[in-house]
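Worksheet: one structure, shown below.
Letters A, B and C mark the chains as written, and numbering starts fresh at 1 in each.
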Amino acid sequence: MAGAAAALLQVDEITISFGGLVALDGVSFDVREGAIAGLIGPNGAGKTTLFNCITRLYSPDRGRITFAGQDLLRTPAYRIAGAGIARTFQNLALIPGMSVLENVLIGAHCTLRADPVSSALRLPHVRREERQARERALEVIDYLRLSGVRNLAVGVLPYGLQKRVETARALASRPRLLLLDEPAGGLSHEEVLALAHEIRDIRDRFNLTILLVEHHMSLVMGVSDQVAVLDFGKRIPLGTPDEVRKDRAVIEAYLADDADPATEEPATTGQAEGDNA
Amino acid sequence: MEVFFSQLANGLSTGALYALLALALVFIFRSTDIVNFAQGEMATFGTYLGWSLSRPLSLSWIPLLGIDRHINVISWNPQIFGASLSLGTPNEGVTRMGYIVVFIVTVAISFAIGAFIERFIIRPSEGKNLLNAVIVTLGLFILFNSLSLYRYGPTPQVYPSPVKAATAVDFGIFKMSQQALFSFCVGVVLMLLVYWFFQRTKLGLGMRAAALNPRASELMGINTGRMLTLGWALAAAIGCVAGMMVAPQVAGISPSLMLTILLYAFAAAVLGGLDSALGAVIGGLAVGIGQAMVVQYVGSQWSDLIAFGLIIAVLMVKPTGLFGSPVLEKV
Amino acid sequence: MRFEATGSYRHGYERFVPAPVEMVLLAALFIFCWKLYGGINNSAVAGMSSVVIVAIAWVLGMAIRVATNDLRWWLLIGFGLAVLAPFLAGNNYQVGIMAQVCVFTMMILGLNIVVGYTGQISIGHGALVGISAYFIAVLTHYSGWPMWPAIIVAVFITTAFGALLGIPALRLAGPYLAIATLAVALIFPLVVKLDQFQKYDGGNSGIREERITPPSGLDSLFKNNAPATYKNEFAKSQFSQQTYIYYILLAAAIIGTWGAWNLTRSRFGRAFVAVRDSEVAATAMGINTALYKVMAFGISAFYAGIAGALFWVEISFVSTESFDLFNLSIYPLAYMVIGGLATIGGSLLGAFGYLWVPQTVLKIATIDQGFGDLQGAITGLLLVVFMTRLPQGVWGWVLGVNRYSWRALSADTRALAARPQPTFWAFVAAAIVIVILTGAFIGSVWSLFAAGLFIVAPTSAWTSVFAPFRRATTSLLRRARGRPRPPESAPADAG
């Protein structure tokens, strides 16, 4: 496993439950600076919940999350973006009535400093800041090939484009860590292949660390430097894609459904736990 | 002491009316998540319809057309075998039999108006955000208020009552006007009817199911759309009954008849929890008694102030009221 | 599709219906019309001629629309008219109304920031305007302060109070917040009227002060240029005072509009909309939703505070009657929605409608008694129709419909001639029949009203109002012809 010193994000024994349902049960892993980390697991495994914990939309019952030395659980949700973590949403959380450009500018919100009074008076420094933000937003839009639709309302765009707008919005906040929740959802086969390339390119170009949740195994395995597997709230192994692929617990817990439809019984948590220990 | 008990009785009586109107609010809130600001004005308009029905048969029966404000009221008194067909005469007012007929017809019309509003005005804005719905009911509020004013004018009109409204009944330890007693009884009977309807009838159960979980009940074969319409219709009908009970107790029916009463009903509904029928009833009675006591012992100018202050206080401290269920949030 | 409408409209023939911008002109025509009809006793003739007048207005409206399809022209024209208004208006009353438009421009702008942009409903804004006006009144009248410092203090207090009003918004969603703010609006006059406060705030009788007077230089300037309708010296000095006050208010309203325009196009405007549309996304983008809600209420209360100050400058009289629920909380909200939620232009239109619709209704009521009572019904009806059918408001039409060129228009005309649209012509025929019928049977005013309704509501409104009906008819026709039903297409108005 990566050395703790180089870890940008440390998730430590995170536990959260909703009513009786334990969605995350003592999950911990590290993400190295500059890495692309994959997070996989069957539906309902708690991947999105983990994202929500990191971005503080949920508050875990126990555990610690540290990002670049900062204790995230002491950081309110609206400070997360400013701290350098941006995310996309599995079910899209765009502002449908706003144009693509405006949505991306919302992403840049945490990089702007103007106060209401000088904004209302449109003082020179506000104008300068606004112009710079716009330029940067246009750059990101250009990079993600959204220039053609930048003045259209997001609501009228097809799903695939909307996902890209979300990525653009996340990038506009100049994050250090980018959380992507199922970026391949709803994409065609070719698009997924292109996406793998794109994710790496984003990492290199914007100097990012990426945490990627995906069901698409070949994408995750192809693109990630390290992979963590969640199975109903428990983390099974963490390692390189190759190690993970060989792990019996993973195969049983997760891949079994895909790889071997004949498997009668789904892997129980108990088994996975035993194997893990 | 007699004063105290009389105030208590009066408080219970007005409280029952607040409870009725609050109940109407709760029906609508539970089924459509909408707070119906127009509830009181709809009731006023319905009550006016009842009033014009209890008048001699004339063009004034035709609702909405402001004819009698422009030409003299043409009225006649058609008779069959010497018996008047009109429900009321200008001089003697409506007969007891006539009152019951007027009551039933008015409630039926209000029921239809409520259904109409849900189907053609509320439903198109459904599913958009809640702000739209609130504003639509505010629009209905202005609309009905102004229609009542236009159609029936600002002067209060005497509303008939089957009992000798002003005469007091002496119960020994307290006194109560006949009308207050009558409206209390009607209120209680109506609440029992509502209880029976929702607990014991299939339709009532269907409505509860549709309000609780529209998706699932749709799958169970319940026509949720129709249930929502029915909810609005029932609410309008109940509100109208409240209106007909209030009118004889105040100076008469005027376009602002239900304005303050609606606000007290809001206080009642908020106190009890906007989504709890039981809460509405208890809240209504509590607000009614509280108002009577404040008027008696603190001063009448404080009564409105305290009621509206109560709304804010409850919403700030416990938005779901005493009996409401907590609002679930989903991310 | 043959017609490429620029807005969210599907049918080409919307272009043939004048857009709201031309309504100003049409409204003027209307006023002219009913003056004309005042003398006509034969209602059928009145009905017929109203059809003719409406047709003329229609064609004129089209011409105007094509000639000026740049919004900036309208801005310039509007500005010019606003500046010249006192000299164009025939009497002080109308100048006073224009001054009130400025007052309510401020109030509705603020209201729109909190309701339209941030999505937090407030029915309590009347109380904020009232608090500001009352503070100024009490400070100047009882404490003997000069007016301007009193205004500054009052606006600050109102802003703080508004921010407090925002705190319930942190806990309460939609309907609950509506009730809470409604309660605030109701409490305000009651508190003022309390016996205990009588000696501080004048109780029921309110507070009156002298209105401000113009400095002598301006005074003589205004007096010398007063329109000819002001005959004697007294009338002229009245005019001078009213005009001076109007210009102060106009300047404030213009600055306020400019500020609101800037603010809504800054990071704050975007954040407000984000808070309204998706709190989760807003939070994830680093927006402190609680802070921004309170801030929206604060900014909005600042505007309401200014509105209260302008209110005081304009009439120098406050009483609880001036701040009642309908007049200061519900109607401004209604006209804001009719004007257009979350738009600056909509707020301006809203302020205009708030004052001029009742004025027009009152004018009509001088002929048709009782009509005045319908003012609320008209407002309520407009509100319901807009909210359910055209939630983008009048301003939405201006942006959606008012983009024309001669070429597009003539192409549309040719297309319409080549492939007549039955709905359109049925609509025109129905309009004519209804106008004549109302003229013949109810009265000329009603016929004008009906005609106005048909003009003012663009076809898009009517088509969506009648959409279910139309769908039913077409499917019936189709069934009669034995053709299968095509798959359901997109809804008529995608707004």
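Quick notes on this one:
Note that contacts are C-beta pairs under 8 Å (C-beta built on N, C-alpha and C of every residue); 3 or more make two chains touch, one makes a residue touch a chain.
These numbers were taken from a predicted model, which means no experiment stands behind them.
The most central chain, judged by the distance from its Cα centroid to the centroid of all protein Cα atoms shown, is C.
When chain centres are set by their Cα atoms, the one at the greatest distance from chain A is B.
Averaging Cα coordinates per chain places chain B and chain C 32 Å apart.
Averaging Cα coordinates per chain places chain A and chain B 53 Å apart. Our note on geometry: chain A versus chain C, Cα centroid distance of 45 Å, whole angstroms. Shared interface positions of chain A, i.e. residues touching 2 or more other chains, are given as 57. Under the contact definition stated at the top, the residues of chain B that touch 2 or more other chains are 331. Chain contacts: chain C has residues 280 touching two or more partner chains. Those residues of chain C that touch chain B in the complex are listed here as 115, 119, 121, 123, 167-168, 171-176, 178-180, 182-184, 186-187, 190-191, 193-195, 280, 326, 330-331, 333-334, 337, 369-370, 373-384, 387-389, 391. In the complex of the two chains, the chain A residues touching chain C come out as 55, 57, 76-82, 86-87, 89, 93-98, 102, 105-110, 112, 114, 116, 119-122, 126, 130, 133, 169, 173. Chain B meets chain C in the complex at residues 29, 33-35, 37, 66, 69-70, 121, 124-125, 128-136, 138-147, 149-150, 153, 263, 266, 270, 274, 301, 304-305, 308-309, 311-312, 315-316, 319, 327, 331. Listing the residues of chain C that touch chain A in their complex gives 259-260, 262-263, 266-268, 270-271, 273-274, 277-278, 280-289, 291, 295, 299.
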